[in-house]
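In the part that follows, the structures are each spelled out as structure tokens.
One chain, chain A, appears in both complexes that follow, with chain B as partner in the first and chain C in the second.
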Partner chain A sequence: MKKSLGIICLFVAICLITAIYGDGFLTGFNLTNLTQRTALFSILALGAGVVIVAGGIDLSIGSVVCLAGIMTPWLLVEHGWSAWAVIPLVLAMSATIGLFHGVLITRLRLQPFLVTLCGLLLYRGIARWMTGDQSQGFQGEFEDVRSIALARFDVPFLGDYRLPATVIPLVILVVLIGLFFSRTVWGRWLLATGRNENAARYSGVPTAWLTTGAYVVCSLLAGFGGMLFIFDIGSAQPSDFGNFYELYAIAAAVLGGCSLRGGDANVLGIVVGAATLQVLRTAIILVGLGSQLEFAVIGGVLLIGIAADELVRRYSARRAEQTSRMQH
Partner chain B sequence: MAELPVREGSVLARTVLRVTGIGRRYAGIPALTGVTMDVRAGEVLAVVGENGAGKSTLLKILSGVIAPSDGVIEQVDANGTSVPLQMENVREAARAGIALVHQELNLAENLDVAGSIFLGREPARFGFLKRATMMREAREWLHRVGLNVDPSTQCESLSIAQRQLVEIAKALSTQAKILILDEPTSSLSAREAARLLAIVKVLRASGVAIVFVSHHLDEVLEIADRVLVLRDGQQTGILNRDACDRATIERLMVGREIAAPAARVLPVDAQVRLQVQSLQTVHHRRHRISFEVRAGEIVGLAGLVGAGRTEVLEAIAGVTSSAGHASLDGIALTGNASQRVCEGVALVPEDRARNGLFLQDSVSMNLSLAWIGQHRQRGLVNRQGERAIVNHMISRMRVQPPAPARRVQTLSGGNQQKSVIGRCLAVNPKLLLLDEPTRGVDVGARAEIHAEVRRLADTGSAVLFASSELEEVLMLADRILVMHEGRILGEFAARDATEVAIMHLATGGTA
Partner chain C sequence: MNTTRALLSGLTLAIAALSIAGTASQGDLVAAQKARIAEFAKHPKARSHVAFVSNGVADFWTIAKAGAMAAGRELGCDVTVEFPGGGLSDQKRMLEDLIIRGVDGVSVSPIDPTNQIEVLQLVAEKSLLITNDSDAPTAPRLCYIGMDNYIAGRMCGELARAGCKGGEVAIFIGRLEQDNAKRRRQGFIDGLLGRSSDPTRYDEPSKVISESGYTIVGTWTDSFDRAKAKANIEDVMTKHPKLALVTGLFEYNSTLAVEVFKQSGKAGKILIAGFDEGADVIAGIRDGIVLGTVVQDPYGYGYESVKMLNAFTKGDFSMVPANGMLPISARVIKKDNVDAFWADLKAKLKAGKEAASKA
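And now, the complex of A and B:
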């Protein structure tokens, strides 16, 4: 909890400012919407976080979102496949993409930045080619499948706020990944790998397997998130669906306390980080800054958040060193 | 240069640096107290002492890497007036004309010789290198240290002795008047060392003040005009050349009887645990080596830097690839590093910061990493057991302070090393491999680490270690294998071995 304090403060501050200066922030409709977007982006950010913890990076998340998201209605509507075949197939494809990244990075020792940068171009290109660059959508059908993302639950005492169903997979993922890092041997070993891969290898940690696993989880979550996104919005253009989503995911993980140097995990922080970014996007519109400023504001806030975090960390490290010296 | 007036050992030699009562405390514990000395132009001042006596602390203070907690350092000019130096950083020391040549060489391997000499001070105009000037000046400095290589040679193709000379040329090129050499001969063969000493004598004759740190007393006796002896962070004496003899220096260095550990007795019929047959490592493809280690036996690999000891240990641990056969208790070791850990092999690597420690993590995390893998319960960490083993290893290894949550980064070198060794001992390895088990560790921690290694061997495990320090090899090993350029040139039982005999083989001599 202490680790997440900084990002929680930032989150609360941005919420307060928006509530005071903007109209309609505290309406049930807006909050429901925010929850939905936070849940979807958190799922991507958790995947990005797992890779970052392992000392890597994944720039292909947005393109995997696009490929998985576009393939789902394409197979369901254009090719008439059954949802029972499409969903497992798309998830398996996403996991295979992660496996491909992991193998290139651990066996061929290519740099993660380059491998996933190529992935970013590759999967979007494939998605556009497959669909002939045509918009893909459910055309009002498949309501039952889409309800995975569209269902809302009433919550007592919260007025017209309705809890989106996407919160269910998010909570499950947060619990699983949280337990993975705190309770399982592989989680501990993944943290060790991110901190010092050599030392982990010398101590007998199967670092190549763990790193590959991290990329598989990341792409799998990106594919799953891509499906939820398309279920949510109904139709999308292969040329721009999922653009920049990898940056939102990475930014959320870093804001949430996963250092790009690897070895630091904070699962709750990642979710709060994703929420902060979504509130910020809404705030720009509600406060009336004009949506052209969106990227500039997000970039600025991100920079301030990261700098403040680093300064606080340095300060507390110095304090800890001084107290330990005095105890001596 | 040899024609310059020689003022060897003369009391008339001019003092250039006066050090009065300097000391340094780490976390309130003194590492060095009350050192007082003069450094004189045209003189070699040797600094001797055991490991942990405070030599490296003194060097770090003189070269501005750390600031002294007490005392004064004054620079003395030709008129005899002295100016106090605020030695707060390396640049300050460099301005005072002090240059340190490190024991571990720091040349950037991808640069050429000239580039290394002028690194950070490249002659340039408008940001463009003046390459011809650089080459010409580099050639002059190389000539001065008697190194006959072209300044455009890549550093990686130089021998260790040549690199040492490049480092000295680099130090001199900063217009250094005081040259500090830290263990300059520790990685050199006897012939190379003799040449280095000859060059030091030439530099002395040209008026450079030299501080020479070594634990080869023969060298010290040959070259030093005065000898400063340190013991346990205190100055125990400063001897003039005429008062120097081996016995006096040794008495001042040791001062007390170090309790020798009881001699270990091995059963004659102890089973062979580690069997290595025609092992071929990546760096020494031409040679194949074979040996064995028995249950309860501690075998030491002696040799110079680059003799191939690390490669042998890493090949057996599976962290680097190799050809040949290694088997443990008759079962071939074929898997990767993590499989070999499961089979009972543990390696304490040479470079603990790079390959051993998770510096930003807790002592607990560092100690338990291998143990949690061996004692997992359906993939989950046995957290109760983890706490117990961590506390057990902290008290067994005497990690100070005994705080599991402390970040390893904040511990002393000795306690960091204990954390790495503790991680290996926690899984009760059948074969423990240690590469430089006590590098940069003080005398007390070294004795504790050795005691724990012996304790493991007493339970029947096999131990194989490599050390560049003959003293350590003689102290810890039951049997000694001497390596030279990838081969095992000889073998000694510990009771028959002497430093001289090992050194003879380690430098390529014949048995």
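And now, the complex of A and C:
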């Protein structure tokens, strides 16, 4: 909780400003929409976070979102496959992509940046080729399958706020990943690998397996997220679906407290980071700023937030050092 | 003071001279292309190779491709169709590559005609240039094939005016950089508000316009990110709970409006004036939740482009009207003609796909 304090303060400040200066921020409809978008982007950001903790980076998240997202209606609608076959197949394909990245990075010793950059191009290219650049959608069918992302649940005492179904997988993932880092030896080993891979390896930690596993989790979550996104939107064009989503995922993870140097995990912070980005995007419209300013506002606010967080951390570290020196 | 005035006069003269030189160069390039066509009249090409370049990747362009391929098959010429997925730089690269391949003529929908003049000049210099869908009036193009986007926008605005007698209106569009998007949006605003026809008028996208019982609360772009496009509609619904009508001026904007209104229980309560022929929009017209949609004829853009370029390589310039614009008008599709339109489109797409597979 202490590690997330900076990002939570930034999140609360943006929410307060938007609620004061914007219209309809606290309506049930808006909060439902924000919860849905936060859940979708958080799933991608959790995957990005696991790779960042391991000291890596994955630039292919957006393209995996695209490939998995496009493949889902393509197989269901165009090829008439059953949802029971399509969902496991798409998830297995996404995990295989992660395994492929992990093997190239740990066995062939290729740089993660380059491997995943090539993946970014490769998977989008495959999606475009496979579908002949045609938009893929559900054409008004498969309402039952789409309810995985579209279902909403009434919540007592919260008026017209309705809890989106996507929160369920998000909570499960947060708990699982949180327990993995805090309660398992494998989680500790992954943190150690991220902090200093050589030291961890010489200490007997199976760093190659752990790093590969991190990439598998990241691609699997990107593929799962891609499926949820397409269930939510209904149709997508392979040339632009998921473009730049890796940057939103990485930004949310870093904002949430995962250092790009590796070895720092903060699962709750990642979700708050993703929520901050989504609230900022919504604030642009609700406050009535021009949509042309969107990137400038997001970039500016995040920069101020990150700088303030870093300064507070340094101040706290200095104070802690002074206190310990005085005690000795 | 005199020195400043002299400097300013000199600068004005220099700019004027440069503009005249520029105009002359454009005129020269048009004349050079016409001379090449005259040369083709003496030595017609047995089998020409022409190219059709879109301004992006969309289902709309798939229909245009079907038209281009069908014309190629019918006329016995080779057709290359390119869809730039990466914006302006991608389109430039594709045009340069086509020139290197030695195509006889190119029909292109320029993404940013003002800032693409060099590459369009290059195409005119080495091949034969026509534009489709979105014009580049300052480029040395021989003809523009397409509709007037201002008029099409007006049709959409008038459709909205007829179905919605006032209230708050929001406009959603992919991007506003290209000529056709700007003209379409302005046409919609003028048609909705019952203004006189003036394609040179321009209302700022961020400005709220209150006129004739309507309040246009704004225009929102999404740079082709559909998740963002969907979020835009939801957020505008939050900010403006009394919204009476929305228009999506790119195909997916209307499709997503149908999707969002269905999900939020607002279908039929907030009206939609659509643009282009998204499957959900067509279904929405049948269900009565979309007032109607203005459709272009992308098949015609592809078909007529290939037909015209192929005619050029036989020395035939007769297809080009005196004003250099071949109009392919837009149509309004409503409940009474939606089924006939859909059946016709499906048949054309099927024919185009067959032509493409045989090519």
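What we mean here is this: the second predicted complex is superposed on the first by the 328 of 328 C-alpha atoms of A that agree within 3 Å, B and C clash if a C-alpha of one lies under 4 Å from a C-alpha of the other, contacts with A are read in each partner's own complex, and residues count from 1 in each chain.
Throughout what follows, a contact is a pair of C-beta atoms (placed from the backbone, for glycine too) under 8 Å apart; a residue touches a chain by one contact, two chains touch by 3 or more.
Because the structure is predicted, anything quoted here is derived from the model rather than measured.
Trainee: Record, for the superposition on chain A, whether partners chain B and chain C clash or fit.
Mentor: After superposition on chain A, which the two structures share, chain B sits beside chain C with no clash.
Trainee: Have a look at where A:23 lands relative to chain B and chain C in the superposition and call it first, second, both or neither.
Mentor: Once the two structures are laid over each other on A, A:23 reaches chain C alone.
Trainee: Output check: A:162 vs chain B and chain C. Expected answer is one of first, second, both, neither. What do you get?
Mentor: A:162 contacts neither chain B nor chain C.
Trainee: One more residue to check, A:101. First (chain B), second (chain C), both or neither?
Mentor: A:101: touches no partner chain.
Trainee: Report, please, how wide the angle is at the C-alpha centre of chain A between chain B and chain C, in steps of 10 degrees.
Mentor: About 130 degrees, rounded to the nearest 10.
Trainee: In the superposed arrangement, does A:135 touch chain B (first), chain C (second), both or neither?
Mentor: Touch partner of A:135: chain C, not chain B.
Trainee: Would you mind checking which one, chain B or chain C, touches more residues on chain A?
Mentor: C
Trainee: Give me, in Å and rounded to a whole number, the least C-alpha distance separating chain B from chain C in the superposition.
Mentor: 35
Trainee: Using the touch definition from the top, list the residues of chain B that touch chain A in their complex.
Mentor: Touch residues, chain B against chain A: 27-29, 317, 319, 336-338, 340-342, 346-347, 349, 354-361, 365, 369-370, 372-373, 376, 379-381, 383, 401, 406-407, 410, 423.
Trainee: Residue numbers of chain C touching chain A in their complex, please.
Mentor: Touch residues, chain C against chain A: 56-59, 62, 83, 85, 205-206, 220-221, 224-228, 230-232, 234-241, 252, 255-256, 259, 263-264, 279-280, 283.
Trainee: Once bound in the complex, which stretches of chain A touch chain B?
Mentor: Listed in rising order, the residues of chain A that touch chain B are 183-186, 188-189, 192, 195-196, 198-207, 263, 320-321, 324-325, 327-328.
Trainee: Which part of chain A faces chain C closely enough to touch in the complex?
Mentor: Counting only chain A, the residues touching chain C are 22-25, 27, 29-30, 33, 37, 40, 128, 132-135, 137, 139-140, 150, 229, 232-241, 243-244, 281-282, 285-286, 288, 290-292.
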